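Look at the two complexes coming up: chain A is in both, with chain B in one and chain C in the other.
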Partner chain A sequence: MNEYVDVDAMSPVDRAALKRLIMGLADSKRLMGIRYSDWILGAPTIETGVATSSMTQDEWGHARLLYSMLKHLGEDPVVAEHDRPAEAYGNLSVLDEPAENWAALVSAMVIADGAMTVALAGFAGGRFEPATSRVAKMVSEEEFHVSMSTAWYRRLADASEEAQLLLRAATDRQLPVALAWLGTNDAAKEALAAAGVTSTAAEQVASFKDAVRGVLASGGVDVDAVAPAGEWDTDRGRGLGQPDADSIERARGDRNRALFVE
Partner chain B sequence: MLEIVYDVFARKNRGDQLSHIGYIDALDDETAKVYAWTTYSEENWFEMCIVKRSSVIAVNLTEGIFAKARGDDA
Partner chain C sequence: MNVILPLVPRLDAGLPAGVTSHKSGGRDVWTGPLGYAPKDVLAATWAALDEVLDPEIPISLVELGLVYGLQVEGGVARVTITFTATACPCMEFIREDITDRLEMEAWIDAVEIEEVWSPPWTNERITEAGRAKLKTYGVSA
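Coming up: the complex of A and B.
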């Protein structure tokens, strides 16, 4: 891609689709960061907790960069970050609730973080200039997350029966949702792919499956045999539902409003 | 949980001496790389590498952490 899209010349429909994409990615990053942060002090080892803290920072940094792209659409990123209700969040719905155990977080590392990275890579390779310059670095920073998630997934898949059951339950719950998030080819996704802003839904699903096929197989999961979840909210580009209230308070920074410096 | 000890070495700038900056416990080489990078993140390292402590060959001491790490297999 060597010619950037002129955002000002985009149709209202395409601009809305681009806004939905940015919000969905940014909200997913913010919620992923919260899910990581929940385990900084509860991870199996000190080193794992430190790594989880670092991944939290990565995700929140990525979220802020993504929210800032809204300025190119004439939107105020501060409003997007701090003043939206839960029902407006466009995050991957796997992240709506806290991970109930370490195995569920490990599964989310592979599936949710992995799906986000695929979506980001598609965005980085497209024709929206801010994404081409900023998102590639995000994708490279995710390499450490992949190393961490792959090692832990394989470890749990080879651990006790209880660990295996917890991992499998989380995977069975998360994988269809992630496949739908990447692969639901609604009008907004088609429009962005046609405009060259991002890769197609089919390409993203194929890339995601290639990325996770091996590691999920270690847990007995055949990614090619799993169907995407059926429920879809076209307005937000995600499954039905919304993040829990506590997470939204944290995502918006409700408790620190008096300290905002923006 | 069976973990492996890795020693961490790094240099701040090209041309600096590689220095031992600490150690981490990890499941395997891949997690060790992640843990080393995230645990010793106080500097913007030019280069970082890790070595399994059990691979270090003690030269002059028969006691101490490196000699002990090799055990009878040395």
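Coming up: the complex of A and C.
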């Protein structure tokens, strides 16, 4: 039987690490949703556009549930969702900018969404009760994303030379960053793993590689030969940089601020 | 040439007593309030809950397998529910419909709704009755 952590009894350092984890996952989900939404009316087929609409819905639902976990730390989720500047976002930095073409989004489906799912699964299997009770549903919804991403990655990897080049360029750019996001074993990650709140960074990297090895190989990429890359921001648990201003305006709901009904 | 369209009955026509609008659809099938004190309050409350339809699919929340638990104690109905998706767009409708339907009954003063995500809902939770109804609408589950 899993014995849950007592959040009130956690050290300030561990609480800060848990907050960083929740914010990083929630922000990544929110940004992933925005990246999917950009293609609802621009995907290669109508059916695929409809699929990105559903995936957008999933990602924002996951973000909402993750932000709500902050209440267990005495934090206000509304502030986290609607009142933070871009430089405070803890999302996987692959998602900082819109996908410049469809191949880049497909690559992000496999790499960014895949990395998030591994991190979520590690959280769901830990000792933080809100994660164990809520994240399994998110992971189950992500199964459909994997089907979609795998099919499209393989399709582009077998398409025209231009498609293959675009896919490879995006993969080469995103994969080292995702590996660093999962695998950088700083003090906060070590503390959460030691407390049994999440799986270890090494376990997450191994799970991620197992999940994507086959599909990336279809594009000629050997995930085991790629090294993690990117400078690390310890405060946010991500690479350097920040999301673009337009995306943050959408993430926060700035244009609807007068209509909030939280 | 002027075309005079026939008058269309108001949507709110024919609603049961205590129901003032079609907030989410399906309220016109509500039969309550019961009108007498049931011997089995819990069963009667389940029956009332079974009249609350999913706003998008015309079968009840109970048939859809979204209701994980129900307790009635001291005039308070405590309903444990989940949703089909983490970003279900009908969450607010469902909360309102559950509350409004149950509070129609004389033995219920208040409704408390607990939302849970474990175990995750899948279409395997749809009841046989729900599957049969969906089939008549041309939907397989």
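Throughout what follows, the second predicted complex is superposed on the first by the 260 of 262 C-alpha atoms of A that agree within 3 Å, B and C clash if a C-alpha of one lies under 4 Å from a C-alpha of the other, contacts with A are read in each partner's own complex, and residues count from 1 in each chain.
Quick note on the criterion: a residue touches a chain if its C-beta (ideal position, glycine included) is under 8 Å from a C-beta of that chain, and two chains touch if they have at least 3 such contacts.
Owing to the predicted nature of the structure, the values given are computational and were not obtained by experimental measurement.
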Combined model on chain A where chain B meets chain C, clash or fit: clash
Which of chain B and chain C A:132 touches, first, second, both or neither: second
First (chain B), second (chain C), both or neither touched by A:64: second
Touched partner set for A:141, first chain B, second chain C, both or neither: second
Partner chain in contact with A:151 - chain B first, chain C second, else both or neither: first
Which of chain B and chain C A:48 touches, first, second, both or neither: first
Shared chain A surface residues [contacts with chain B and with chain C]: none
Residue numbers on chain A that touch chain C, as the complex places them: 57-58, 60-62, 64-65, 132-134, 136-138, 140-141
For the chain C and chain A complex, residues of the former touching the latter: 82, 85-89, 116-122
Chain B residues within the chain A interface of the complex: 1, 3, 24-28, 30-31, 33-35, 37-39, 41
Residues of chain A touching chain B in the complex: 44-45, 47-48, 50-51, 53-55, 144, 147-148, 150-152, 155
